[in-house]
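Per-chain residue numbering starts at 1, and chain names A, B, C, D and E are given in the order in which the chains are listed.
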Amino acid sequence: MIKVENLDVVYGSKDKSNHVVRGVSFAVSRGEALGIVGESGCGKSTVLRSLAGLEGGWTGSISFDGKRVGKVRTRDELKLAQMVFQDPYGSLHPRHRIGTALAEPIRSMGAGDGWARVAEALQQVGLPVHFASRFPHELSGGQRQRVAIARALILSPPILLLDEPTSALDVSIQAEVLNLLADQREERNLTFILVSHDLSVISHMCDRVLVMQNGVFVDELTKADLQAGVTHASYSHELFDASFL
Amino acid sequence: MSNIVQDDAIIQPPAIGTRIWNSTSRILRKLADEPLGMVGFIILAILVVVAIFAPWIAPYDPAAQTLGDALQPPSLAHLAGTDEFGRDIFSRLVYGTRITIQTVLSVSVIVGPIGLVIGVVAGFFGGRTDAILMRATDIVLSFPSLILALAFAAALGAGLGTAIVAISLTAWPPIARLARAEALVVRNADYVAAARLYGASPMRILFLYIAPMCIPSVIVRLTLNMAGIILTAASLGFLGLGAQPPLPEWGAMISSGRKFMLDYWWVAVMPGVAILLTSLAFNIAGDTLRDLLDPRHARS
Amino acid sequence: MKELSLAELGRRLLHLIVSLFILLCVTFVIGRVMPTDPVGAIVGELADPKAYEAMRVRLGLDLPLYQQFFVYVWGLLHGDMGTAILTGNAVTKDLSQAFPATLELATLAVLISTLIGVPLGLAAGLFRDSAIDKFARVFALVGHSIPVFWFGIVGLVIFYAGLNLVGGPGRVDVFYEGLIEPTTGLMLVDSLLEGETDIFWNALSHIILPACILAYMAMAYITRMTRAFTLEQLNQDYVIAARAKGVGPVRTVISHVLPNIAVQLITVLAISYGNLLEGAVVTEIVFSWPGIGQYMTNALMIGDMNAILAATIIVGFIFMLLNFIADIAYALLDPRTREAAR
Amino acid sequence: MPDLDETPVLSVRGLNVRFGRNSIPAVSNVSFDVGRERIGIVGESGSGKSTTGRAIMRLLPQRAGVTAERMDFLGSPLLEKTERQMGRLRGKDIALIMQDPRYSLNPVLTIGKQVAEAAKLHLGVGGKAAVAHARDMLARVRINDPDRVLSLYPHQISGGMGQRVMIAMMLLARPKLVIADEPTSALDVSVRKDVLTLLDELVRENNSGLILISHDIRMVAAFCERILVMYSGRVVETLSKLEDAAHPYTRGLIAAMPDPKHPVRRLKVLDRKSIEVEINP
Amino acid sequence: ETPANQLVIATSLAQVLSLDPHQATEAKANEIMANLYDRLVSTDGSGKISPQLAEKWEIDDKGITFHLRKAEFASGNPVTSADVVYSITRLLKLDQAAAANLKRVGYNGGNVEKLVTAPDEKTVRIDLSGEVTSELLLYRLAMVIASVVDSKELKSHVVNDDWGNAWLRTNSAGSGPFTLNKWTPNEIVILDASKNYVAGPPKMRRVIVRHVPESQVERLMLERGDIDIASALTATDLATFTGKQGYEIQRVPTGGFYVLSMNASKEPLSNPKVREAIAYGIDYKGMEKAIMGPYGRARTVPVPENFEFAIPSPDWKLDVAKAKALLAEAGYKDGFTVNLKTIAQTPRIDLATAIQASLGQIGVKVNIMQGNGADIIAAHRARDFDLLIPQTGAYMPNVLGAMEQFSSNPDNSLKANNAGNFVWRSGWDIPELTAITAKAALEPDAKKRGALYVQMQEMFVAQKPAVLPLFERYEPIVLTSRVQGYVGHPSQTTRLEGVTKTDK
């Protein structure tokens, strides 16, 4: 479903360049959930943003569903992959009502005014329909993250890119959101890439985990590895240790 | 929370009227906690009322000269005295509110959108667009503003209209900078990234996502600017380049009244007090609005 | 916040120069299309058309606009800003007299407003909603709301005519005029250099009122900004950490908050200073202060383009330079951007 | 000089905190004692953990109404102290370590200045001696090159190092009570453990009391002898072992955390209705 | 307190653009230059010609022969007839506004060398041009424009054939009682006593003329004793010094007028009926009382009332009914709208406001456009106005001196572009009046001339002037009683050599 080869991202100009992602390659098959862990600043988000098309400066190749996509995406390419961001407070426009936020993707794609789909979308993520007339600040973090997920799903993308979708949330609410994501994945046969620094979340959600350090993948762990606590690199060992103290 | 409410109500965006009503009443409620701010808004409200009903409030024609009655001190017949042409100063002050409000509103209506659009476009598109627009802004900003206004008044001929254009010409850069700063923050917000992801066009993002976020601070800034506009207009009036006689522009009134300051204090003091009160009211109102609307200044 | 490297410095310098050039073009065009009549101003009301035309040619006003511009820029590059119609002097010479007068006034004003405004703003921020805060707020707002010319006249009536506390208009009493050789052009400095203490005190008594009035105007802005910055900082975690460490509230403000807002304050002060340099026009008129504001206004009145252009360029340049310096100070003072400069 | 006295360092009874005039209390009726031990406070976001910590330090804004039947530090009531007396206490006898070193260190002062300031304030030493103390303390928190670090600015050091500096600064005067408000949640997973062990070690060495505030119930359980579980301003349960958890809220919290060693298909979700019923029958 | 040996004068120097006597014509500049330079002859307060550099002169029907007295320039050079010839030549060759007064009577750059000669070192001969009588020529030679400059000194400052103009604008080279120490435009003029003055250095070591544009400020300075003489005070400020202990008011007549110029080259002001209606639509008395005060006296004939041969003002006064009737007759029953341009200066801006109000009553709507001097003068020169308020001055104390500029317009065509001519600017075509004026200038017989003068004035009124005089102009000044010997001169050429001051 997703194939990435030799992805390189460099920030900054010649004199002060910052090589953030260094030639990573990976593939994700349809319906699979891939996790990426790593310490802060190692380039996880950058990989995800490059996949989504939010980053302009990458080199290498990215293909969705066998088709190569470029740096500037067409509407059809955008429909293939949507993203959910880390901060539920920042990912909804503070002056758009929830209904508007959910209708916007459809309007932006030029597919009608979108209001018809709002109720359904809200129900799918377990929110009451009357929330459509609320503003984001009238919602809790978890509820916002649900809206963000609903918004990402409203265009029915086969791929969902999740950048630490729960790290700003409480454990209890995190559980709700993780359950919701798992349900949606099952229902729609979604392909996930989930980025997090929390190994326990990753191992709960993912079939396979890539461990990232300084812009490269240093380890790859399967679900079984995680359960057994098996690691193949010293860095992932350290990470594993620290996560479950 | 996860239980799904079966709600088949048809979802409609709420009417614009309700929205405006809601936010105004919210602001009004907050205002109640700010006595000083309340005073500012009340003064402004009075000013607007006076401007609208000027013909009913003013006891005399503001331009009617009675040379025999020149320079009478305040009395029951002339609440604020008369000027050197025997005109009733109170009536002139009352009519002057119209000029003041007209000036302030015209400048704001010109400057607000221009500043907003320039700032937002610069902030959002960044790169070369930003560099060019900001260079222009810097240059206008580094112009001595009163001098530019003077030059402009000299070029177009003195008059209220010229004064408005001249003030507008130098009043937009701070707004543009503010809007840009705001836009720079907003454009990096996740909801803008999300909008790009679902294919919103740059124009859509600019006007539906970024501009609305910049409007409150622009409004606050405009309100604060209004005091400055009044003072600049008064300075132009003082230099004889603002509203032309017999228009009862306050600055011009001071300007001609200052010739009598030592012996007939009311001729210059009355309009001075009017300007002071009005610009004070605008300043207080702007300050309060900022406290209310701008999260950075809000009480934690 | 941008980091400051040599390349960045160069880039900004380039920007400065480009901005100046555009400023020059814009001023030039505005000045030349302005329908004031410098020729009429020189030859006088009754001159006949031939004399009028001859003067027009002599001033080079018969050339096409772009040629006039080239002539001007050419001169400028050679340090020649032309001759002022009003005075017949080289504009540079006039400015070298007018500018120090404004500089002296503005500098004193900015000093006064900083010395009062910053502490007042800090106190207002620290004791939010207290009496001192309310006082500072009203005090500052009033300063922002008074028409300066009105204030100036009232000030003269009270302090000069009424109380006889200060000197009148002008830089010194008239009969001291012309006794001091302008070395720096700053009357206070020059009189001391020549050991004329009488004149020094006289000059001080003359400058103090306009300086205080300008300072009050500027203080309004400085106080409000200082207060806003302080409040912003007081919400920061490091302030709570300092308090938790046992640092008292006043010391927190002085040794923790102040260094943090210093960089922002510098920008504010630079802006205020710039505004004072250019914005003293009306004050200068009220106080017969022979500064650049008055020079420009007079030049404007008769359409003396060389003088207007030069003064605008100088003021614009100073303004941009101040911003530039503030930017650099910003970068140098803030440790987060400093090391890149080394 | 370790204090071997066994009276509780801090004793709190019926602590209430309210923000604003008529809002619901952020902390209500919280009581607990801290001895020379480590106790943890856990709970979801907004449950009043930080507010409790700051109420003890008396660092809440003036508008906050803090009342308590008793809030005694080493036997003397904290609420009765003047601001000046509190100033002397803070940092010397009670210390607060905050969540994110990036924000809680003053960005424009060098590390040396900030740590030395604590020495000046509480050890009554000046200038050079204060710097020397600061250097020693940095070495104690296992910073390799204290001399260099003294002259660095906060943005020049990593988060883990910053948190160690914070600990050094706060523990320099050997306070009797340390309140650590989420000391590791801003840090990278890999350095969390180091910082926590360091903190633990120093607290033990000084024989002080530690209040560890966190939302990570497992981490708190691993470190603390007792755990207070807070829910909407109230302490719902005090535990010494996770396994003893009886309250549905506590159990819900534990169950909501994914555990790779015991994978489940769906995570348990808090049932807030029944918790509300449990709390206000 | 001002020192006893310095005279401090406060005034408005805003219009002073040059201190070259052969260039500047502005009143304030004249006042200064009159003290830097001597002329061949001067006028006294009553208007009589009196000697200055020429101790005596002989008039014949071809011209005048002047005999110079012994005098030195400030530089120490002796004053010779060559200097006089050089000065008049320079005036005409430089051909600035100042030259207009001689050019009008037939002297110009082309004929000056022929007409002005120096038979010997101490004698100057000026031949008549044929367009002027010798008596009137003497008056013109008494003007500041005919100042004698130090040709030796000046020649060393010539650049680009400018006759030393660039230098002389800001310096002095004369034989007057003072020399120019410093002039900063719009700020200050400092004069120093000249050691070489023929009557010995004057008592005042320095004369300081200070630019104080704000009348109230000036008044404060006067009250505080920071200045000795205040001019350009407003009427109200002046009034406070009337009868006040320690101050003296001098009301110096100028022979000039505040004028309402109407643009007769355009509808509807080209219609004499309309102009007459306007003349009936102005409240002269009310304005005199409320605005002009000591600055002016209502007068609608361009000759001061006290001059010989002056006729009384016509019956123009505020008469709304009559004015409306006149307008209706002219076909403007419902009135019309015009603009009124004026310098933003007291009292002219106040005049404008009052005129606006009273014309409003007769149905003429007036929009005031105020501007700076350069703007307004440019509009005036370009005939780009409907109404405009200029002011005039008189160069000699007789009808011709006051009236000539109101009654002479040789060629009214737009093509003539005679922007230096006051009447031309209003587009008022008056061939007969121009002819009589020229005739009067050449009439040697005093009686006949007087008759012509009366005829000129009557014709002026009959033609419903487009340059309507409103008020005779006075220059009131206030002096502290410490100042002795200051006598204001009607053509603003007051000499300060005799001024002394008491100690306090």
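Rule of thumb we're sticking to: contacts are C-beta pairs under 8 Å (C-beta built on N, C-alpha and C of every residue); 3 or more make two chains touch, one makes a residue touch a chain.
This is a predicted model, so every value here is computed, not measured.
Undergrad: In this assembly, which chains make contact with subunit C and also with subunit E?
TA: B
Undergrad: Find out how few touching-chain steps suffice to connect subunit C with subunit D.
TA: 1
Undergrad: How short can a path of touching chains from subunit A to subunit B be, counted in steps?
TA: The least step count works out to 1.
Undergrad: Looking at chain pairs A-D and B-C, which one is connected by more C-beta pairs in contact?
TA: By number of C-beta pairs in contact, B-C is the larger.
Undergrad: Once you find the CA centre of subunit B and the CA centre of subunit E, what distance in Å lies between them?
TA: Going by mean C-alpha positions, subunit B sits 47 Å from subunit E.
Undergrad: Can you check how far apart subunit B and subunit C are, centre to centre, with Cα atoms defining each centre and the answer in Å?
TA: Here subunit B and subunit C have centroids separated by 25 Å.
Undergrad: Between subunit A and subunit C, what is the separation of their C-alpha centroids in Å?
TA: Measuring from centre to centre gives 53 Å for this pair.
Undergrad: Enumerate the residues of subunit B that touch no fewer than two other chains.
TA: 1-2, 154, 239, 258, 261-262, 300
Undergrad: Subunit D: which residues touch two or more other chains?
TA: 269
Undergrad: Two or more other chains touching the same residue: where does that happen in subunit A?
TA: In subunit A, residues 176 touch at least two other chains, as defined above.
Undergrad: Spell out the part of subunit A that touches subunit B in their complex, as residue ranges.
TA: These residues of subunit A touch subunit B: 49, 52-54, 75, 78-79, 82-83, 85-87, 90-95, 97, 99-101, 104-105, 108-109, 115, 118-119, 123, 126-130, 132-133, 142-143, 148, 151-152, 155, 176, 180.
Undergrad: Under the stated contact criterion, what part of subunit B meets subunit C in this complex?
TA: Touching subunit C from subunit B are residues 36, 135-136, 138-139, 141-148, 150-152, 154-155, 227-228, 231, 234-235, 238-239, 251, 254-255, 258, 261-262, 268, 272, 275-276, 279-280, 283-284, 287, 296-297, 300.
Undergrad: Mind pulling up the subunit E residues that touch subunit C in the complex?
TA: That would be residues 2-3, 6, 8, 10, 14, 17-18, 23-26, 95-100, 103, 166, 169-170, 181-182, 184-188, 190, 206, 208, 210-214, 216-217, 220-221, 223-224, 226-227, 372-375, 377-378, 380-381, 417-420, 422 of subunit E.
Undergrad: Under the definition above, what is the set of subunit E residues touching subunit B in their complex?
TA: Within the complex, subunit E touches subunit B at residues 214-216, 219-220, 234, 236-237, 240, 283, 286-287, 289-291, 344, 346, 349-350, 352-354, 356-358, 360, 367-372, 375.
Undergrad: Within their complex, state which residues of subunit C touch subunit E.
TA: So the residues of subunit C touching subunit E come out as 35-38, 40-52, 54, 83, 85-89, 97, 153, 156-157, 160-161, 164, 168-170, 173-175, 177-178, 285-286, 288, 290, 294-295, 298, 300-303.
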